[in-house]
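You will see two complexes here that share chain A, one where it goes with chain B and one where it goes with chain C.
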Partner chain A sequence: MSYALARTNWSPRARSAAGAIGSTVTEPIPVNQPAVSRSSTGSAPDWSRSFENRAQELLQLRPNWDNRGSATPRIDALSFAYSVLSEAMAPTTASPSVIPLSNGGVQLVWAGNQVDVEVEVMHPNQALVYSLDHQSGVETEWQLTTEFSPLSALLRSKFTA
Partner chain B sequence: MTPRPPDLPDFTAPPVSEVSLGVQFNSIEQLQAPHLGSIWAEFKSKFPHIEQQPPVEQNFETFADKGGGVPVPRMQFQLLSNVPVPRVLFINDQRTELLQVQRDHFYHNWRKIGEGDQYPRFEKMIETFKDGLQRLDSVVSAEGLGTIVPNQCEVTYINHVPVPAEKSTCEVIEQLLGRWFAPPILGELGGPEDARLLLRYVIRHDDSPIGRLLVSAEPAWKLDGTYIIQLMLTARGKPRSADLAGVVDFLNLGRIHVVKSFNSLTNPEMHKLWGKE
Partner chain C sequence: MPANPPRDDRGFVIPHNHDEILNHHHVIRHTTPQDLCRNVDTGERRLSSGAFCESGDEVGGMSVDIEEWMAADGLAPLHYVTDPSHGAVRLNVAELRALGFQVGWDPLVGTNLHHGEVWGIGNGSGRRRKIANIAETLRKAQGED
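After this line comes the complex of A and B, so read on.
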């Protein structure tokens, strides 16, 4: 038995209203959290932890980090990339490599035996998805904004245990 | 001023305690803390008081058909830049209206401070919001910081329903949402001591998902010690176009969903108390 629960496991899954300041005049009534094991309650997927660690690393980069004049990775691009992963990934989907782009965006890469997938996030609501099927040689590109069903189907069928 | 939609339910004494209209935009990386002073100068005559708060994180409503799979829980994800630029609150003399500004968000809030404070109504608030966003955009441009590119919008109504001394919070939630929520009675345990609810709905346009409506009801207390049920409704999503018109369109749509959902979810008996017209 371990006290493995992150507080977030017991927080509402939907994010609350960011701009509301009601907490200045009200307080929610707290509920004591039980000390139970991770296996019985679920926890953050492994890809979530690895993405967050990598994102924090990228935010340490300075302008011109590659000596080619590249911009610092932007928080909004990283936040949106995380939102894409949350929507498109199953809990057991393989973690992507997270690569900074010269324009401050970020690229997510999955390399598999059958297919490679890349997602370029330039800004929020702007994701370019590219896939290459190794057997057929077929390359596909989609421009996605907030609906990620095609990407989800691909990742769940090819990169999920 | 845009007129109120005629088919929208209306209440003369709604239990609303706070309303927030907001937009999230692509981060203005050039905006540093000293620029917030230039921005305040634009609003200081109507909002002479200030507060400083940590920045709120970015939120996105995204969608995917998960093929019947269980959605992955959204974990809290907070990225910290090396030197976070704060969120500043510009507050009016009555402390009931405020603007919130940070490098990727702009909000206009109304909040009830005293019992006599009247909700100024959405039609007035959206005008203040539009004026504020245009002024913010002007300052950002004049300072050479870039442009505001909206990526999400949000409208929130927070309602407070008092819990009388002789009632439990669960009884009040049942009184409030009784058409949809009946607390289970469990033999010798009786009814639950309290309850909290969270509902999520997808907002669609032309069959495509564009946002979500979140509804929560939970026990809380005011800082004066009064017990209440806090019923919060938030509509959040992507504007149809990344400009002021797109933002206003979404806020209007979100407000309609919030008000209609409030009317549908709450009990007609309560509507009489709130003066439904």
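After this line comes the complex of A and C, so read on.
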């Protein structure tokens, strides 16, 4: 583990006048600088702030917000979507597009040149994952349970810096 | 006037294939800036498959306008797309039915007698993307590339 400044002592001041008779200058005490740890993840990752901002926008939508009879995005769907992200995302994973669905659910979309990944959240604990590999044309769809590792692996391999 | 659509005891239109919505007809699906997703590699913004979601009503399908019925009444395809930020796509009825969906009439009395529904899409992106693949853009939603 590397602590950037942990082993660097502050330099004792030169005793320019310390040797003078009658001087009251005292010996400086070497003090270790405080250990500074590696940058932490204490601040929210970009995707988290991005999601929260988007969720605030979506919660402003009214019934029939699109003139095609759609329901207002439900807060429980948004909340569960955030839980999914918290489990599946690395701090540097790209933010998904958050799309309101006509049925009140939300869709998380990572569209990329290699792969598209879409997560549809209908209700808490009810979500479907879809992926399309653009090169092979292979589509995969599965029900998201409490096991997030397949989704997490996909996002971390394709959409994480 | 077309034949009345089938209704349940409460008066709600139930899923059906309307005989007078012919296979060579088209339906218009409105799109909005909220439907757009961004490609993380290119920044391009396109319609997400979520634009083709059924409503949450008990018997709700995906809301559309029936283009040929509108034309017969002298209306342009975008007549009901009144918000300037909204766009629209055109879907061929035969292709929708070939995908296993039903296309029927659900008139909104007083506002849109040319209103229809596409039923059977269900949840998940797979079937919605099949609809996206056959959609022809009539007008892009604001912000769409």
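Operating definition for what follows: the second predicted complex is superposed on the first by the 119 of 161 C-alpha atoms of A that agree within 3 Å, B and C clash if a C-alpha of one lies under 4 Å from a C-alpha of the other, contacts with A are read in each partner's own complex, and residues count from 1 in each chain.
Just so we're on the same page, a residue touches a chain if its C-beta (ideal position, glycine included) is under 8 Å from a C-beta of that chain, and two chains touch if they have at least 3 such contacts.
Note that the structure is a prediction, hence the values are computed from the model and not measured.
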item	value
Chain B versus chain C as contact partner of A:A44, first or second or both or neither	first
Partner chain in contact with A:W110 - chain B first, chain C second, else both or neither	second
Touched partner set for A:E120, first chain B, second chain C, both or neither	second
Larger contact residue set on chain A - chain B or chain C	B
Chain B versus chain C as contact partner of A:S152, first or second or both or neither	first
Contacts of A:P91 with chain B and chain C, given as first, second, both or neither	first
Partner chain in contact with A:L59 - chain B first, chain C second, else both or neither	first
Common ground on chain A, meaning residues reached by chain C in one complex and by chain B in the other	104
Chain C-facing residues of chain A, complex	58, 61, 65-71, 94, 97, 99-105, 107, 109-113, 118, 120, 122, 128, 130, 132, 139, 141, 159
Interface residues, chain C side, partner chain A - complex	29-30, 32, 34-42, 46, 48-51, 53-57, 60, 62-63, 80, 82-83, 86, 123-126, 129
Chain B partner contacts - residues on chain A that touch it in the complex	6, 8-9, 11-22, 24-29, 42, 44-45, 48, 52, 55-56, 59-60, 72, 74-76, 78-80, 82-84, 86-91, 104, 123-125, 145-149, 151-153, 156
Interface residues, chain B side, partner chain A - complex	17-18, 20-22, 24, 26-27, 29, 56-67, 69, 72-77, 79-82, 89, 98, 100, 104-105, 107, 109, 111, 113, 149, 151-152, 154, 156, 158, 160, 194, 198, 200, 208-210, 212, 214, 216, 218-223, 228, 230, 232, 234, 236-238, 242
